[in-house]
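Given below, in the form of structure tokens, are the structures.
Okay, so subunit A shows up in both of these, paired with subunit B first and subunit C after.
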Partner chain A sequence: MTQNAAPALEAFVARAAGQGAALAETGLPTRRVEAWRYTPLRSIADTAWQKAVPLTTETATALLDRLVLPETGARVVYGNGQLLNALSALPEAVRQASENVSPLKGVFSATLNTALGERGLDIRVPAGTDAGLLTLVSLSDGQDVSTHLQHRIVLEDGASLTLYDVSAGEGRYIANPRFDIVVGKGATLRHVKVQRESLTGTHLAIVSADVAEKGEYDSFTLNQGSSLARHEAVVTLGAPHAMAHVNGVQIVDGQRLNDLTSMIHHAAPDGSSRQTVKTVLSDAGQGVFQGKILVDRVAQKTDGYQMNQALLLSERAQINSKPELEIYADDVKCSHGATVGALDDEQLFYLRSRGIAEADARDMLVRAFLIDALDLVFDEGLRDLLLRSMMS
Partner chain B sequence: MSDFLKIQGLQARIDADGTPKDILKGLDLEVPKGEVHAIMGPNGSGKSTLSYVLAGRDDYEVTGGSVTFKGQDLLALEPEERTALGLFLAFQSPVELPGVNNANFLRTAVNAVRRARGEAELDAVAFLKAVRAETKHLSMSDDMLKRAVNVGFSGGEKKRNEVLQMRLLQPSFAILDETDSGLDIDALRIVAEGVNSLRSPDFSALVITHHQRLLDYIVPDRVHVMAHGRIIHSGGPDIAKTLEKQGYTQFLEAAA
Partner chain C sequence: MPAVTETRETVEKLAKSSYEWGFETDIEMDIAPKGLNEETVRLISERKGEPQWMLDWRLKAFRAWLEMEEPTWAHIHHPPIDYQDAHYFAQPKKKPGPRSLDEVDPELLKTYAKLGIPLHEQALLAGVEGAEERLPVAVDAVFDSVSVATTFRKTLAEAGVIFCPISDAIREHPELVQKYLGTVVPVADNFFAALNSAVFTDGSFVYIPEGVRCPMELSTYFRINARNTGQFERTLIIAEDRATVSYLEGCTAPQRDENQLHAAVVELVAMEDASIKYSTVQNWYPGDDEGRGGIYNFVTKRGICRGARSKISWTQVETGSAITWKYPSCVLAGEGSVGEFYSVAVTNNHQQADTGTKMIHLAPNTRSTIIAKTISAGHSDSTYRGLVRMQPKARNARNFTQCDSLLIGDQCGAHTVPYIESRNMTARVEHEATTSKISEDQLFYCRSRGLSEEDAVGLIVNGFCREVLKELPMEFAVEAQKLLQISLEGSVG
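Take a look at the complex of A and B:
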């Protein structure tokens, strides 16, 4: 077994043309690295990952046709790490910016992205402007290729934007997007993410969001694809009354592994954070939830809530759940809970005794398990879209 | 006619913390088409076990005997197939289903049964019309349709929800497992009326109860006394009154 994935790293480093230093320092984390203990990366070691070739509009359109996407709002499409102009338009209210993604140390997905980054969205929503809905589609297609999009999204004070962020593709690839998000005073970014990568793909996403006074980062992630996927969010509530929602649903079957990792950092007083994550596992699927809430000494009156629940539909399925609370302030309200369970036999029998076939009864109960996480998606239209996407 | 529901020598056990416990010990019972029968018996006599075994709950192991329903081997069928065939169990303690909307649940159940019986499914409008007519009869609020199944329902509301399901699924044989427990007199009347209005030459029922009271409203054709996993005595509706006055002792002694 490869403990240190030198061949893969060399391949990456060779590609990075001079930017390889940061990656070489960190290396590919082994399972001895606490943050990756439950999510082994050995499946991406030993492959000489190549830069993906640009997608034709035709190929991209064929991939797009398979997705459940919003009919309204603006849409921007990336194919293998490159903007597809013919399929893309930004919302009118949004300004194109030219800013660099800020560094994020000590997070492997970010290090990898920094080393090989490709320019993605770079936008600014002007103060006091509601830019509406922007659908961002990131498509990948190829064999042993990787993409590393860097997105920077800045909401000025009082601005708002809804980002519907979909990743999908075909083949064996690594999609490694980075979102660098700044939410200004009283601004609101709603980030609904749908991860439906190819079942042989790998998805390593890293979101960092800095939220200013009375700003809100409201996110929901559906993890439902890839052979191996981690969605990682690092949210910093750096000014009073900032708010974060880091909710999600993971649906894991086959031999796949899906991972939601988050760090919510309360660095100022009166902040609040909410997190509900539900994972449904079948076959030999593996789920990981790592949720840390860090409350600084200055962050008095913090109100934090975290709940993660897993439903195991098979004896071979596995969930690793690691809630972490690290609190240095003495006047806070932080609660968390975790449950792991199977379907309830009595409930199943009740449904079947009403004529509902066993498979349908199971589906109903799984949906019921997920519903209170899905209900946290603020917009009914997007919630329906997510449900349709989940069932497709 | 006599082969509508026929139970012969039925034996069943449950696994009680690793040791099998026999509960039904050779039970014989026939309910002919169009008749309503009642079963009365002390706690622990196996009344609820009988209803679960008939409905197909798999924590009970059938170790002997047979059940035929409309000429079919009932015990060989899945629970949903039994329901499609016309059996319905109104639960003593209906389970709560958080996250399952009651109206969606009812429509899913109705259409599953209609499909299995070769009938056309009801669309949303037709279903709503059908369900509204029933809820009105049962004095149920529309609010109960919007809530999650049985979640936050009072005891009486749960029982009414059971009767609502029974009426929507149109069974030919209903088992009512202590449907009267936890009901006040008004609710009892409403529930009894819900059952009585189904009575016809094509509808049979087995009413399991502790109390004579329910049988004042749903008057049975026959009453069976159950004890120690068997039917120990059968007779006309007046047995219920005797039981109410004198208790089970005389029947238990006679059977001993």
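Take a look at the complex of A and C:
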């Protein structure tokens, strides 16, 4: 943290009396902090971020109109950290709960959220119930403002829910949402996230998911907005046969930086995890992928697989990738792969020789590159929606 | 499952592997008092009869070191090291300038005999030049801190090769040392490199002139002998345009109780079309079954491919040390230069290893290959940590990395931490890593052919490491295989 940043940060954390102390002490993580070595937070250090004023329904509707959203299912809309009742309805099967999020230590995005948190979605899907599709839209609008929504989603045993989670906005702001997720025995949460924040916005999201026996947390994240964005997921497979998918696509251009960081913690036997992350970079875009798979001593028979690939389309683009395995159990099958490179000249030549224009051929190859990851989204309708959103 | 039970029993039975080569030799030592301050640095420099520029260089390093903090990012744990509680200089008393093996201290020769280093045999071999299958090997034996026996200097001198203790080089070839020392690993590069720069006592210096292919493999045996003497070796190898050299480094150490610090620095410089192959078999004392004692091995090894089409290749078999902290690296600055890293790291009992490489691609068409095999057994922890960086000018650069980890037993850990950074779209990086245990199927297959469980594991492990072992020069391949076996003896079943 630079010295002149200190007063700004103080003002920032002073908004949360008492709670802010922890943050004031640690300050913003610098690049010397291993978890942030590739993602500098300098750009947010010098601003005294204010609490955002509530959005009017009109402003919110105007912002909503620009988004590609599911036509079906229930929808809940937050504007600048506040629930917009007029635009929101929960799925019938879902019950409103009132539980507090538990602290998540050592993760900066979570510390910031804890310090300044605003109550978000707090729901519980009853045992054995399929709650269908819930679209959650978080809108931000303003200058030098920040929102810190705290969502808690509990799936009881055998329950299922599909969450289509969209963040977008206009202006210069920090969106710092946190999701505290509990997936019960045999329950399934499908979490499709679309990050399309304002190109001058900052997005610092933290998802922590605890998955019980035979439960499944199946996620896909599209990182495509913000000047600086990190989506961080901490998934704990705490009981046998739990499963996690932490997939994603990052599309970065301009001078922007998008970061997908995840930690999949196998804390019980027979778990499995799958991760495919693809990053496409153009202009002076910077991509970051940090994926850690941690396998505890007790987590025998773990099956972990991770693949991350980056495609560089410009001379100035940059990718930093750190796939990491930390393994303490011997009877496991864990592997990861990573590739970095440009479009294949031979493939391009092949398409050109068939009379396809260069630009079209490039588009085709980029799309083909991304489709591997996109295909992992279970629902065809959502897949199409994502593709449309990606291209919009 | 009976097989599992049997395996466990065998593991327990075998869990008492001992360090075959643990012993101490009584040789008179000239020891500096414990502690580290400017006086220590001055004393070392004075005892070695160094010129003023060398002392200044050391002092610069020492002052930098005082400002630095011990790194904590590695996946290793150890009690704090008291840098004041060690001797920084120990010199075996010797007769002046042994010209033949007869003049070498017989105690020393006995030590080598116990280690199985056939110094006599090699002296004989020197006469049989031209024997294609087995080229002679020149040995610059480092016994504790000072080289006391250098063989084959003459043959090498005829070829124009300089191969001598670095302390001699400082006196006899100051222009070369001054030109290159600290250019690859600057004095303040990192905590341990700075420490080494301040207090290094000896090491090897190799200079291969333009167009010369070194007539023999060069080899140095590093040993740690006296109690409480940290070892700070400094090695500098320079290969001029179109020069070629293969350098072997091997170490074994006597058994002892206290932890010992070892912080070596190795610098390699390869000019246009030059090639340096640096092979290591590292077998310092790893500590006992309970993790007591053992060497702390904090090493900085780095080579720079300065000239176009030059090549630096690191091959290492790491089986020893209580703690290994080591990242032999290549800076690929010459267009079309090549960096290679082949590594087998074996940890057993309570050993900890955090090792890997860095490939820094600065120039176009540079290529690098990383093959790292990690085997963890017992209560040990082993980490591969590597960096591949493609700088903006590294057009069409290529890297291929493969890291495989094998876990033997459920009390050990194996970790993989690769960093991949690319700033050039035409550069291509490929990385793959796997972690697994020895497959029951492979074991069963071998057992069903009549192999004992231990032999079967030995065979499988050897197969697992084959890609690396085949990179070793012949002289080392045998020793390496033997070491692998000995290192794993106590743990596999």
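In this section, the second predicted complex is superposed on the first by the 388 of 392 C-alpha atoms of A that agree within 3 Å, B and C clash if a C-alpha of one lies under 4 Å from a C-alpha of the other, contacts with A are read in each partner's own complex, and residues count from 1 in each chain.
Note that in this section a contact is a pair of C-beta atoms (placed from the backbone, for glycine too) under 8 Å apart; a residue touches a chain by one contact, two chains touch by 3 or more.
Since we're looking at a predicted model, the values are computed, not measured.
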| item | value |
| --- | --- |
| First, second, both or neither for A:Val207, with subunit B first and subunit C second | neither |
| Which superposed partner A:Ser335 touches (first subunit B, second subunit C, both, neither) | second |
| First (subunit B), second (subunit C), both or neither touched by A:Leu313 | second |
| Partner chain in contact with A:Val182 - subunit B first, subunit C second, else both or neither | neither |
| Which superposed partner A:Ala268 touches (first subunit B, second subunit C, both, neither) | neither |
| Touching partner for A:Glu34 - first (subunit B), second (subunit C), both, neither | second |
| Per-residue contact with subunit A, leading partner among subunit C and subunit B | C |
| Contacts of A:Val252 with subunit B and subunit C, given as first, second, both or neither | neither |
| Sites on subunit B touched by subunit A in the complex | 55-59, 78-80, 82-84, 88-89, 91, 94-95, 97-100, 105, 108-109, 112-113, 116, 148, 165, 169 |
| Of all residues in subunit C, those that touch subunit A in their complex | 73, 390, 392, 405, 407-437 |
| Complex interface listing, subunit A residues touching subunit C | 34, 297, 300, 310, 312-315, 317-342 |
| Subunit A residues touching subunit B - in the complex, by the definition given at the top | 344-347, 349-358, 360, 364-365, 367-372 |
